Amino acid sequence: MEAVRPNVGYGTANRDIISVLHRAPVAYLVAIACALVLMSFGGYAWYQQLTWGMGKAGTNNATFWGTYIVTFVFWIGIGHAGTLISAILFLVRSRWRTGVYRASEAMTVFAVMTAGLFPVLHLGRAWQVYYFFPYPNQRELWVNFKSPLMWDVFAISTYFTVSVVFFYIGMLPDMAVVRDHSRGLLRKFYDVLCFGWRGTDRQWRHFMAAYGFFAALAAPLVLSVHSVVSWDFAMANTAGWHSTIFPPYFVAGAIFSGCAMVITLLMPMTMLFGWKEYVNTWHFENLAKMCLLTSGILTYAYGMEHFIAWYSQNPHEQEIFMWRIFGDYDWAFLLMVFCNCVAPLVWYFPKARTHWPTLFIVSLIINVGMWMERFNIVVSSTAHSFDPAMWRYYWPSGTEWGVLAGSVGWFCFWFLLFARVMPSIAISEVKEMVAPPVKGSLGAK
Amino acid sequence: MPRPTTGSAPPLRVAFAAFVAFVLAATPMIVAGCNEAEATNDTPETFPMEPHYLWPTVMPDEGQIAAGAFTGEALPQPIGFPHYTHVTTLNMDCQYCHFVARKSIHAGVPPTETCMGCHKYVKKDAPEITKLAALWESGEPTAWNKVHDLPDHVVFNHGRHVKAGVNCTECHGQMGLQGQPQPAPGTAEGEAPVMVVNAVNIRETTLQMGWCLQCHATHPSIDTNYGEKSDQRRAELKDCWTCHK
Amino acid sequence: MGIFRRAPRDSSPSEAAEPKTSLSRRHFVAALGLGTSASALSACGWDDNRYYTPIEQILPYVVHPDQIVPGTPTFYATTIGTGRGAWPVNARTREGRVVNVVANPQAPFARAVPKEALLALQRHYSPDRLKGPKVRDGGTWSDVTWEAGLEKLTAAVKKARQAGKTVAYLGPSRTGALLELLDDYTDGNAVFWESDGRDGEAAASERMFGRRFLPAYDLAKAKYILSFGAEFLSSWGGELSKIQYASARNPNVDHSIVRYALVSPIMGQTGANADDWYKAAPGSEVEVALAVGALVARKTSYNGPALGVFAGADTAKAAARAGIDANAIEEMASRIAENKGASVVLPGGVTGGAASTELALVCYAINLAANNDGRTFGDGPVFEGPVHGAADVGKLLAAAKAGSIGVLLLDDVNPVFELPLDASVAESLSKVELIVGLSSHPDESNANAHLLLPTSDAFEDWGDEEPVKGLHLVRQPSMTPLYDSRSLGDVLLVTGRAAEMKSRRQPAAAESEPAAEANAGKAGKAGKADVVASVEAEPAAADPSGGLGFGPTTWRDYVQARWQRDVLGADNFATRWNEALGRGLHDARPRLSAPGTVMGPAVTAPADAGGSLKLVVFLHPIRGAGKFSNEPWSQEVADPMTGGVWDSWVEVSPGTAASLGIENEALVELSTDAGTVQTGVVIHRGIADGVVALALGNGHEAGGRYAAGVGVNATRLLKLATDSGGAMVWQGGAAQLKAVGASAELVRTFRHEHDQGKHHVRSAPAEELAKVGDAPSAHPGDMTGIHHPPRDPRLVAAGSLEFYDLPEHPQYRFGMAVDTNACTGCGACAIACYAENNLAVVGKALIKKGREMNWIRVNRYWDTEADRVTFMPVMCQQCGHAPCESVCPVLATYHTIDGLNAMVYNRCVGTRYCANNCPYVARRFNFHTYRWPEPFNLQLNPDVGVRSAGVMEKCTFCVQRIRETKSAYRDQSFTDTMPDDALRQLPACADACPSQAITFGNLVDPRSGPTEARRSGRSYEMLGDLNTFPAVNYLAKANFHATGGHHGGHADAGHGDAGAHGDAGAHGDAGGHGDAGEHEGKAKAGKAKADH
Amino acid sequence: MSASLPAETLRIKAVYGHLDCLLTAIERLKHSGFQGFQVTSPLPRHEIEEALYEGRPSPVRWWTLTGAVTGIVSGFGITSLTAAAWPMANPGGKPVVSLPTFAVIMFECTILFGGLCTFIGMIVHTGLPAWGIDKALQDPRFSDDKFGLVFTGANPGDRERIVAILQATGAVEVTTGDATVYEVPNA
């Protein structure tokens, strides 16, 4: 397998990848319409919630966080695979990164954008969200930097900013390509967007240096952001949350879900836009291997959580982990274990991980499983916390399902829009994968 | 320029069918969500819920902000009460009229009775006093507009400040200079002017949290009253629960 | 940004005065903040000098009332009736309206606020209150004026008297001045009904002591209490018995802890405090009591006249019928005999009311046989007011049916709801010419009235009460009547005078001091809530008999005259009256004495009604018989045993449920030969097998928006029957129970059984505890025997277990000690918290979603082994290292310098992280903005904010009271620390608690209540192993099971588990454990169903 | 840029289809002492950078370092100073300046400031935005499959020598133009 098919040259790469920008398949229009429908539903649900209060959600006096935080963690986790592929695989010069990194980076940006909505969505008083920012005010009030939520604010805004900048400057040469393939206003538009990139030696030189630094700065973010998110839980003393295993466990889970999501997103796009020269089974197989590895880490983490709960002899921990398996949310636990630990095992068979339908279905299962994992963590620990007198049962309300659907719509909308407006495969990097045109005779002096 | 692609677009009909199917699938969710919204509204709660409309919170209507909302802006009053005459000219003590100022969490606006105690005899015919007398006769309370208004989430103990030795003017500004009688417009030259009082009050300080905190950190009465415990008291005075309820 | 208008700065005189300093640290930080974060928001003018609210208005008084300082509370000592009793309290008023009821610190008792007083406060502001007199014409009600209403009543009274018909009164238990007035008014035809099941006790004392009264008990002196179901910790004996029990239970008082044994088919809230529970079948109580009595008499060699009572005793038969072990009877008798003179046997109210007269007779006899008379039981401070039985109500209705009642005054009592009356009651009432409803609320009974004259309630009226002989409580109005209501006394005086009524008092019985002179002086004096009668009448001349008659012009004068005549005397009356008003009472109680005459009537035990399943109805511990069902607080505060709210539910034991195949919370149909109801079922361990229990108090069909349609009415399953003493027979009926649906949609705030091994509740061996009490222990907490996880004190001392130092508290760290040994689970603290802190009542639908707003909850934990319950009030623990504080991103919650865990609502954005991180789950979130329906909003405490949607709230230790007290103390000294006695019962919960289970104080002060409690051997922290360093510490419950056998022989059986398991007498200590183990197995089987 | 160009300078643009030809041209030009030409390519080729800059690292790294150091300092500054502004509100009993908790903020600020400064550095050093870049460089083929070698300010006297080298190294197309009027071929 190769990163790109041998029949690809510099010029064909340009035309293949840009061609999707010049036509809109009907399926694409349908998809974007669906995304808009979902978005409007989410918007309506949130409007209801703002008007009538958080009570529109199903949360209660024990489970104060519900699917909003579940979905928040889910989307943040999705984002990680993109940065992993774009930054870490860049630093280790992995060749299979080329075809998939732009789309997965877009996925990162839009997933973080989606995730960033949720902390606001779930606020009791969303209109007071500006209290979160440490800006000077007449009240002389500041925020609490000791709060993991404040770390979250910084981690996610940093992650978002760095991801966007990294994503954007990576696209500069490709936007220049699109500019050179467009006319009129569109040409102006892309010219503005790409800062008039011309690929001069000076530009490439500093660009490549900056890009490397960005990759180096983004690489620790892959580990730190989800660690910080995991500290939202691990820093709390709630039984089932208060665990040192959380940061690696969350990071592994994030990469797991993100890689699965890349498969889920790229496979239809590849088929729809005809990118088989650039994204092919080899890429998906690598993603599947990635999932397989992280699935193993997750399985270990699940086991270790329960083992430590037993080994610690802490009655609260023991109680909560037994309850996760046998309690009201046993179905969620079973679903999680099936989706995250059992289903990916089919990818041990090379036939399964090179078979596109299997890849796609299992990746969908993993997405569901990873949402369930967060549901298990967020809901079951609080629904069954220290005092038996405050045990409650939580079930998401219609509003919450609506907002969840809305977030899917919001994410898909941006992703689909991106796919039509920007080259979803990094053209200049594809060219790097192609052997440079060499005349030979003149080369020898 | 675009090259024909290898992917094949599904026929329009298939796409349309897919969209319809999606909308049909999404509708029950929407309906369920709405039903739930309705259900919550209709449930016979004991204490009914109130909606919270976001717009007035974020962007208050200009109409909600009455005159006098800003520091230094004049706030109209039903009766032109000259603090100047009472405080500066007659040298009356603030607590002669605001007699609960030392005892209560409120400063207390004097009852009409207090005004009438003097004005049954003094300046009975002045135009503002006739308004006052009419109110006294009718038994209606005088509806003063609140000049020094703190938000409802603030608990402010007026008496404590007086007892601590905070001077009235430190928060209320030079009230004694407000309401100085002016010659009525249209008075002819040389004629004895008819003096009138502008029926307004002005809040001279912001009464905002940062403004409060300045004194709560630095006021000299803290050292006077608390001596060696003044540092502790300063910390206590900066505590949110000192003022917020 | 045009929308954000800037202030016209140039006109601000303060601009010049603003200090111009160089770059201070604050400004530097501000500049830094600008650099690191979005500054756009502040530039938009968020902090601009503007108010978003419209200008408010100040409406000063026209004439300033003397007693009111605006913004400062005024307290009025007054009296609230609590069923067959009354209690002195202080009404806290602000600007002329009652906002709360607090304990009266001048009363000669421990502080307490009865929950009836708090519920009466909410009833006072109920939107369902009648706003004026109404007259019924056919089926339609129309408003009338008071004048017209009173004239109508006067005319009817006159007509009835001319026609030789009676003017009758049916009302709740009344004492004091009103009693005489009613007696005069109705010519002795006044019937006072209370559904507390104590009518049999009065009948029994008539038979045994020759006089109709409720004997006095002194539980404080008792070392052993044997109760046959008496709800003496909720409604049976009022606050006094709760206070006395708390004192007897206190290990620091006279080195003993009372042992409380219960003989009853159900536990109930009161019974849940029992140390031994003998699960006697319903109706078997009399036989068990006889058997116990006979044994006691033998052991104490009693040979008095009451011996005749025990003639029919048969231990074996009694044990067989009750389903308990004969050794258990032996054990009870032994313990009574051992504590001769210091034991007390209580007959049992509604729960023990299968044959209450007989049961009371036997109980009296046991008390006499145990030499308790004059010590813990007897004459003296007794309730001597009229105690009417169901038979008296029956007689009244019969008279009505016979057409001999002309006017029926229907006061604040609801016989149609509270009594199992059949349809003929409507027919009977229709024969009465005029029925006048005097209650302030519409209900099922006064729906039959022709005229509604809403009378003022306890907060608006004068009055007095004499709940026990010699204890005179005075009631004064705390505010002007909310609506167009008048005093009941005034109504009676005015109409009685108009109808030319006279005092019935016999001259021979009259005491000296005619009151006429005193009346003359006061006739013109107008009190602030005086109601001036409009019906003209000549002031009657003083009655030579000394009776007050209808002479006094107003009800206030009447009360004063009565106090002058009967209570205070004429000497210096005005001063003494004012003193009494200030204190709220005049205490001239006689000492407890032995009853003079004792007779020994024979007793026959009631026959068994048959049936394998028996119905037990009981008074709901909060709602009682249903008077306060329309008060949202009474429905919102969870039932102590089941956690149920806003509903009725049938309670059965796990065994019964298993045998009937009923799942927990299923919809069931409960039927007796009197009726059928459908409701949910709750399976729990506090019910004996073969018994189905249902609380009274719910199932109103009318009577207000909050009560109507909530739950089912248990009296619909009963038939009006009376025993030999004319007392109501509540118990003993056979019942059928079957499941009719999968789920009854019950709403419960807790469903757990025990604390899952988390040691939230702990126990200390009672005998050992009694010896040392709460004296400072070298190893605090050691007495509970639980160290989890084991903490090495050396490590703690070295600070190695804690990452950070504890915060410093230079002057105060407010803390609390909660004594689970004293807590009886009554829920008064929870209601008081609702009243004090403006807690929203969210209703059934939202509690179902888990969104109750209670800041303090009373957890009920079953012992995993024995049938024992520990109640544990849990509120915010104000942790030293609070998990909630460090996670709040905006510092809306933080640690104050006083050690409180502050919550600033205005800063809260609603991330709810704090609440997720609170291991005590003590925080409550405002999921919605709740509106207080008019006029409930008048009760809102102005010192506490009303929270809106999206903010977190929680217990503040009543910081507004702390603030107020501190401020008051600052008037004395700016720097001195407040003394302990100013704080000890400062928060509303501690103030209300009748058993002094909650002690508040300053932990920095080494001698404060909580500090001392922390040194006790039974002190522990809830979830202390999380190192949260809570400011609340709990004191373990005294446990009689954990002790070794010191009684020898039979007594050990009780240590096993309440003797329910047969031949424990043959076992030693180990046997006790074996029993416990066996029981655990059963408990688990039951739990599988009862829990979730 | 073009406005400030002296009138006597000359544009020379060579289009290459092959990388080795381009590299040879760069070598020969450098060898002949010609400087001030720019090379454009549709993709970054380290050979070109090697040939032109001989391994000298880009100064962007100093921007990154400066940003990161600023970030860590300001991260510590805002956390500790704001905490010190309310010393009594020590949530959860943590010390006023609690390094373990502030470390996260400091780390995030380091990354954020480092990233933003890198971006600024890149913008500064690359001369972006380059909308007004010399028209000779605005050739759409340079983003497609062709390499370019452009003199924007060559001495007119060197014209023949440069063109000769370019043609000799296999340029697909060599155009020269006036400084003020330069038509973009194939635009």
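Structure notes:
Per-chain residue numbering starts at 1, and chain names A, B, C and D are given in the order in which the chains are listed.
Here is the rule we use: a contact is a pair of C-beta atoms (placed from the backbone, for glycine too) under 8 Å apart; a residue touches a chain by one contact, two chains touch by 3 or more.
None of these values were measured; they are calculated from a predicted model.
Chain centres here are means of the Cα atoms, and by that rule the chain farthest away from chain D is C. Here A-D and B-D are compared, and the pair linked by more C-beta contacts is A-D. For this pair, chain A with chain D, the centres built from the Cα atoms lie 30 Å apart.
A straight line joining the Cα centres of chain B and chain D is 58 Å long.
Inter-chain centre distance (chain B to chain C, centres taken as mean C-alpha positions): 41 Å.
With each centre defined as the average position of its C-alpha atoms, the distance from chain C to chain D rounds to 81 Å. The set of chain C residues touching two or more other chains comprises 26, 29, 33, 36, 47, 846, 883, 886-888, 891, 894, 896-897, 907, 928-929, 949-950. For chain B, the set of residues that touch two or more other chains comprises 49, 51-52, 206, 208, 235-236, 239-240. Counting partners per residue, chain D has 78, 82, 85-86, 88-89, 91-92, 94, 98, 101, 109 as the residues that reach two or more other chains. On chain C, the positions that touch chain A within their shared complex are 26, 29-31, 33-34, 36-39, 41-42, 46-47, 643, 749-758, 760, 788-789, 846, 849-852, 857, 859-861, 874, 883, 886-891, 894, 907-913, 915-917, 919-921, 923-929, 949-952, 1023, 1026, 1028, 1092. By the touch rule above, chain D contacts chain B in their complex via residues 86-89. Looking at the complex, you find that chain A touches chain C at residues 52-55, 58-65, 119, 122-126, 128-144, 146-150, 153, 232, 235-238, 313-316, 319, 328, 382, 385-394.
Contact residues on chain C toward chain B in their complex (touch as defined above): 3, 5, 7-9, 11-14, 47, 49-64, 69-72, 632, 635-636, 706, 810-811, 840-843, 845-846, 894, 896-898, 900, 902, 904-907, 928-933, 936, 943-945, 948-950, 959-960, 963, 967, 970-971, 974-975.
Chain B meets chain A in the complex at residues 1-3, 5-7, 9-12, 15-16, 18-19, 22-23, 26, 29-30, 32-37, 40-41, 49, 51-54, 57-58, 206, 208-211, 213.
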